[in-house]
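Labels run A, B, C and D following the written order; every chain starts at residue 1.
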Amino acid sequence: MEKWDSSAGTSAFHMPEWMIQFADQKQEFNKRPTKIGRRSLSRSISQSSTDSYSSAASYTDSSDDETSPRDKQQKNSKGTSDFCVKNIKQAEFGRREIEIAEQEMPALMALRKRAQGEKPLAGAKIVGCTHITAQTAVLMETLGALGAQCRWAACNIYSTLNEVAAALAESGFPVFAWKGESEDDFWWCIDRCVNVEGWQPNMILDDGGDLTHWIYKKYPNMFKKIKGIVEESVTGVHRLYQLSKAGKLCVPAMNVNDSVTKQKFDNLYCCRESILDGLKRTTDMMFGGKQVVVCGYGEVGKGCCAALKAMGSIVYVTEIDPICALQACMDGFRLVKLNEVIRQVDIVITCTGNKNVVTREHLDRMKNSCIVCNMGHSNTEIDVASLRTPELTWERVRSQVDHVIWPDGKRIVLLAEGRLLNLSCSTVPTFVLSITATTQALALIELYNAPDGRYKQDVYLLPKKMDEYVASLHLPTFDAHLTELTDEQAKYLGLNKNGPFKPNYYRY
Amino acid sequence: MEKWDSSAGTSAFHMPEWMIQFADQKQEFNKRPTKIGRRSLSRSISQSSTDSYSSAASYTDSSDDETSPRDKQQKNSKGTSDFCVKNIKQAEFGRREIEIAEQEMPALMALRKRAQGEKPLAGAKIVGCTHITAQTAVLMETLGALGAQCRWAACNIYSTLNEVAAALAESGFPVFAWKGESEDDFWWCIDRCVNVEGWQPNMILDDGGDLTHWIYKKYPNMFKKIKGIVEESVTGVHRLYQLSKAGKLCVPAMNVNDSVTKQKFDNLYCCRESILDGLKRTTDMMFGGKQVVVCGYGEVGKGCCAALKAMGSIVYVTEIDPICALQACMDGFRLVKLNEVIRQVDIVITCTGNKNVVTREHLDRMKNSCIVCNMGHSNTEIDVASLRTPELTWERVRSQVDHVIWPDGKRIVLLAEGRLLNLSCSTVPTFVLSITATTQALALIELYNAPDGRYKQDVYLLPKKMDEYVASLHLPTFDAHLTELTDEQAKYLGLNKNGPFKPNYYRY
Amino acid sequence: MEKWDSSAGTSAFHMPEWMIQFADQKQEFNKRPTKIGRRSLSRSISQSSTDSYSSAASYTDSSDDETSPRDKQQKNSKGTSDFCVKNIKQAEFGRREIEIAEQEMPALMALRKRAQGEKPLAGAKIVGCTHITAQTAVLMETLGALGAQCRWAACNIYSTLNEVAAALAESGFPVFAWKGESEDDFWWCIDRCVNVEGWQPNMILDDGGDLTHWIYKKYPNMFKKIKGIVEESVTGVHRLYQLSKAGKLCVPAMNVNDSVTKQKFDNLYCCRESILDGLKRTTDMMFGGKQVVVCGYGEVGKGCCAALKAMGSIVYVTEIDPICALQACMDGFRLVKLNEVIRQVDIVITCTGNKNVVTREHLDRMKNSCIVCNMGHSNTEIDVASLRTPELTWERVRSQVDHVIWPDGKRIVLLAEGRLLNLSCSTVPTFVLSITATTQALALIELYNAPDGRYKQDVYLLPKKMDEYVASLHLPTFDAHLTELTDEQAKYLGLNKNGPFKPNYYRY
Amino acid sequence: MEKWDSSAGTSAFHMPEWMIQFADQKQEFNKRPTKIGRRSLSRSISQSSTDSYSSAASYTDSSDDETSPRDKQQKNSKGTSDFCVKNIKQAEFGRREIEIAEQEMPALMALRKRAQGEKPLAGAKIVGCTHITAQTAVLMETLGALGAQCRWAACNIYSTLNEVAAALAESGFPVFAWKGESEDDFWWCIDRCVNVEGWQPNMILDDGGDLTHWIYKKYPNMFKKIKGIVEESVTGVHRLYQLSKAGKLCVPAMNVNDSVTKQKFDNLYCCRESILDGLKRTTDMMFGGKQVVVCGYGEVGKGCCAALKAMGSIVYVTEIDPICALQACMDGFRLVKLNEVIRQVDIVITCTGNKNVVTREHLDRMKNSCIVCNMGHSNTEIDVASLRTPELTWERVRSQVDHVIWPDGKRIVLLAEGRLLNLSCSTVPTFVLSITATTQALALIELYNAPDGRYKQDVYLLPKKMDEYVASLHLPTFDAHLTELTDEQAKYLGLNKNGPFKPNYYRY
């Protein structure tokens, strides 16, 4: 659920410093010392979501042993053992989670119904590497229902829900993932998905680019049979653009991160709610009358500002881009430099995609009890490192909440250590995940079925018509009734009645 | 101030029926029977703006005679007679209007100061055809201050403010325009701007495409010296794309209609205010508690919906595009088909760019006193023609307000006969005109100074950097303070510190 | 439509200076030199409303003569001449205005139907003194339908719509009123309503207290038969409280000005719309991004702030009352002293009920083009008198708009010379007038039918149940469906199923 | 933090059924079988707040034993043992909680400073019975700083924070309270506060009326020395009005529940935030596009509606009171009967103060996954009992979240079993508690210092001036600057420059 803010957005095209660095990183089996760096760039799942699930999990995990799943011999009820999960016996509990998620992902369920007849993924052999959650399970089972064979690993060592993985394994999906994998486990799981006798993937679904990277490194010949890559994350997309730029991309890739629907939901609509949620859950603060400065007025900033204004906060905005700045003015926010208001504000929120937006100097000048948090692209926006100095005392007052205390007693309330507030301290609504998953499914279908020559060895955005289709699949959730063009109107507008309805540059 | 709504926006690219028709029209000197068709597609100025000016004008117009300006011998105080206006003696009054406008157009005034040293338009010979208002005068005098020579005609036979034209003539601008020109006058004025001994234009500033059309027809050789065309209107832009498509465009053209800043201000921000203004001025209605259906959720629709919701109306939305439909849902509007709510709503507003969105059948089913108006692209959205039947009685109750009365006594309140409400019944704020005028000035500078080869014989959007520059020139109006990137941050983001700050596809 | 702001509200109880002065004024027949003072305290009708009507009137007024109505001999079509209006021949035009108003005043029309059977005003002889508009006509004819006999004069020398007065006279109502009465005419008309042979009023409906005053002065014995006074205006109510305090009130009086429904509509809901309307019609300004200071956060201030915030303005508030101040904070407005922001704001709006809130010193410090206007109780809030000094130039740029120009060229835009913007520069929606008129009708019914002893010689608020009834009569306008208590619920809550539903001190 | 909604509000005056029942209840030592009934009427503390504290508490509670505090011998560091808490050794941890709370309760801290010189409570002997939290501790220590002696018990058997109680005991406050008291413990603690040799209270601070009840029952003679009672809760206030009505109230009592500031913050402003918080924490749902029906448009309903509308929900309202109904219309909500929308809504929220607003019949008709919750006065609004039938399955899916499952698989999501969502599933911001505590402190000061005769044996509202003072003490939190009246203005308005600024009936 990465934020892809205004400034960050440009990076794919201007090749920023951090991206180049990233591309230089050599990531090898057994050698990568830690996942920490990776997680900060790639998608990490909501901490609190994990919490709630793990508390649920405690119901089934009571008999948990310490044996590594890699050392266990497990079979599902049909006798299959082509999987590796924490405990296959947790399958039933996981199945219930999946069933609940199904109710909240009507678009995928509709897709199953609509496309089941023609099985548009018949023959597809998809290898996937994503977070393993109930929502992912609904996606995987949808792909299966559309005709695909799938093998799956986790894209994050912490985010797997063991019960869900068990349920998938029980249903016959070769899943290799558990919560708390080691680095070595991580790559081992990916390898088990790819390196199979008598089975070779022809589609890749990736989230972060690790799976793609692994195949490039270890099994480059596999790409001969691969029809395409679908990548969801900012990081993975950047990696693909790097490959493309370097002339090394050997199959078509679909960037689903930048589709209109996904962008608007991940950023504007989701953050409009999660900024309030994240602040409340961590601090129980009251929003009314509070002075807030929001750094950055991209989609994320727009969402944060709108929500806080609606709750009675007085909101200031900082921007570097004069167009976004003018939008902030017209939307009723004072456009300031951070220095002008830093002494008076109660809350500082960053959503720029930039680094060192809040510096130690700013932090020194904040007033007592000022809350500082980040809704932007990565944990670089607030210079948290600058607070790790001897004269400052850190006090952990709650999960995700630190008081940083100055010698004179002033306390700054730092949330999630400057990491993404919305991922660390609130949950991502299933509806947003549904949009992402549907987009992924449609991208797979498009790439798999595209006639030769439609896509070259390049990175593509989802065709607008597909983007519109994702949206249309979600309208029934709101009992929303779309109007259809008459033939006469379609002719007048020069449009096909089924879309696409807008030129590519349309701004929505 | 054309609305360029969602659907309409696609038309430049899909070549809709009405556009093709338009391109086929042969418009000849003395032959064109009426301006009506033209005005409905091109920009017409606000009726009420005209009203207020004309009431002002009555101060000076008291001695008005019936003589055609073409038959008058007039000289300005410097003895020049290279102009044709209603009455040169009205210059002083016009000058005051210009001075007031200058105060509200700080961006152009800043441009005069910033660019005056280098005179970026030195040598430019600009022929212009736009509405002749105080705001245009500020633009013309800015172009003059930057080094250009200008000759000017009106793009609309009704919209010229005679006093302003007089003031410009008094200052030495060859202006050929008055309020109430005949068709013949219209083309005669344009011709007088172009067909001059010893002076040949090298730049065109057009609004609607009539000037460009005239030169194509009469003086095609002139294009050899012309460096480019700047066109503001939807109509004119369409004509240019047609020419380009047909391979007949022989100079670069700049489409300033679709620049981000102009679009957002003309549509979202301006309509957010003018929908309320237009409804109030015509009907004095109360918005609170009223049920409203807004057809179309493009920028214009978004502005209308936001304003009415804020005033306590209950707003329904119709859409054909599922993405915009989903946005409407997330913004808190019930998405319906028009039929579902047509019996219960108090107000129907169209902003689709489409035709026959409100049909006679809908009108038949509306409840008594329902208000019907159009904020969209043209007067085709409401099928007004269908109301011109014998069984219905029309009653003009105020300027721009008709009651259409059914046999059973039911009255529909039709505003501006289905023409654009915001142009007919409210005024365009000077600030919005300032953004347009600044964009035009910068486009002229860009095209005039561009090195050979930067622009070919094609239609271009304003470079993003210029778009950002227009925005930045307007920030001081709001005492808005932009943040500058540090070198380190610019490097991190891979951006130039002075912009452009976003990729071209950024949606704002 | 007086504003009854926070501070002003207290005055009835603390006996403020201006009220005492007012009470001391001796107002005598033929002696009162000018109406100006009176109008500033009492209700004056919207200028623009007058404008629109008078333009309509020009249709019928073409044959207007200069003869005073008092000198004319007129008869209606039934041969009656017990009236005095401008021109009885204008009746037809006026009738149409009344019919249109009827459509927008469903509550009175419903009242006619519901109460017609029992004729609750049978035997009532009502003398009225109000603005004579189409809405008043609907009220009068409703009173007639309920059984009352009425005689009517105007409460303002300018506000009478001659056509409506003619229509009423034609229908048989003894109306004595025309637009442009002299002072002498004014009292003559009132006297003609009261001083009639064989007819003596038993109810008074007053707006401003002039009619009541006249009877007190000239015909004190009449009060023996009068059952009560219904008074609508702040001024009139103050006068009644004065009388009551002085022990001179000899009949029950109903203060309908302070009923919940009337207050909320006159102040909060109406001003939320009229602040935007008034500013737009006078200045055509854009609200987005503008900095505004609103002085006073009573109901009027709350309405202004909410509307401007919604339109994208940045709003500051000043207050003297800490509770209202805290509300402003929680609603998201910076609470400041006027001095802190006076140099930076684009608009200054007063709504305090206080005097000299904006002083010459403030005006001296405002920036160029700052707009200054008043939405409060009277024209004392802005110290306009302080601007009438030789060094400042006044320039009337539009109706209701003055530029006051400082020696250095700075211009302040003063609206309506500091009088009420919403009355001077926008119109009052019929719906609001409907609520007022319905409240008046119910108050008359209540007083007329109350059993002996229910009301003493004092000033009363409308019983809450009647207030609720006014509201319920207006719900059908919004197709709003009220829920009814079950017997069980009513018992649980200790309420009557038909109300009243709240204790008297409930704040809504 | 009771909600005191519209309808509930009337109950003090109409003597509703449930209140009468309540008054009839004979509550005796050792006889009262359960606290459950009491808690549902009286104030219960936020479950989640308790959770967070108890997790903190686990740090200190690790050595917790099972011994009842009544059986322990404990002394504080000064050797005193006049208290009874869980574990005096937890004092240090509790002290830190108090210090943090002090930072968020600037009004009480300011009161300490302002009033410390004159010790307005010198000689006061206050017996208190409230929730024992860090915020209460700040209140108690403020009372101490102002000169009072205090003895304290808990008003709820679950809500005591043991560490805070320990810290107070360590500081010398005789506190008798711990988390998890039995019924017998509860009354024993209260008795220990009152029944002391050589010390007799002269002031009572009560929350729920149990302490007052106890003294009435056991030590009626004590009232001879008692100067007054300050009561905060709806329940306690009702009990006092009952006593007053029955002529049994023998000292003045101050109803601080109905002060303006407390009401607005407890209801409108607090619920505007807690409805979002409560829904998010329990369901992680997305608000955008959801259809919601809010039953009741009192202060609580207004807050809920405003918040959900701002987040993009489509909100319907039900009301029984036509005035509140008209407000809902003007604020932009469709007013419906519950039946009209029950099939289509995603969320049902009650805030009526009424009972059986949502019946089994409604629940049967809701769509799958509909969320049902209560923000109103008590747990009677949703007929939860009707769901306890054999054919329905209950499934606890999270803390405070039940799925009730119909035979056909339909699930209703019931939050907090119909109890108050904002208390059960979100936390009360310290700022709101600060307003309550400050109001209590001022009420104590007023009653203690009032000259003889100012207050009789009756129930009083806090004098408006004190209410304004509470507000003014909280303005610095928002850096809000109040304007002062000039002498001339105060005279004009007939006001004292220091307030009160409004008449008692002013509605804010």
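In this section, contacts are C-beta pairs under 8 Å (C-beta built on N, C-alpha and C of every residue); 3 or more make two chains touch, one makes a residue touch a chain.
None of the values given here were measured: they were computed from a predicted structure.
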item: Winner on C-beta contact pairs when A-D is weighed against A-C; value: A-D
item: Most distant chain from subunit B, judged by the mean position of its C-alpha atoms; value: D
item: Approximate Å spacing (C-alpha centroids) for the pair subunit A, subunit D; value: 41
item: Inter-centroid spacing, subunit C versus subunit A (mean Cα positions, whole Å); value: 58
item: Subunit B, residues touching no fewer than two other chains; value: 269, 288-289, 311-312, 329-330, 334, 478, 480
item: Interface residues, subunit A side, partner subunit C - complex; value: 288-289, 309, 311-314, 329-334
item: Complex contacts: residues of subunit C adjacent to subunit D; value: 6-19, 260-261, 263-265, 269, 299, 318-330, 334-338, 340, 353-357, 380, 467-469, 471-472, 474-475, 478, 480-486, 488-489, 491-495, 499, 501-508
item: Residues of subunit D defined as touching subunit A within the complex; value: 49, 52, 56, 103-104, 269-270, 272-273, 276-277, 280-281, 284-291, 306-307, 310-312, 344, 368-369, 398, 426-427, 429-432, 477-480
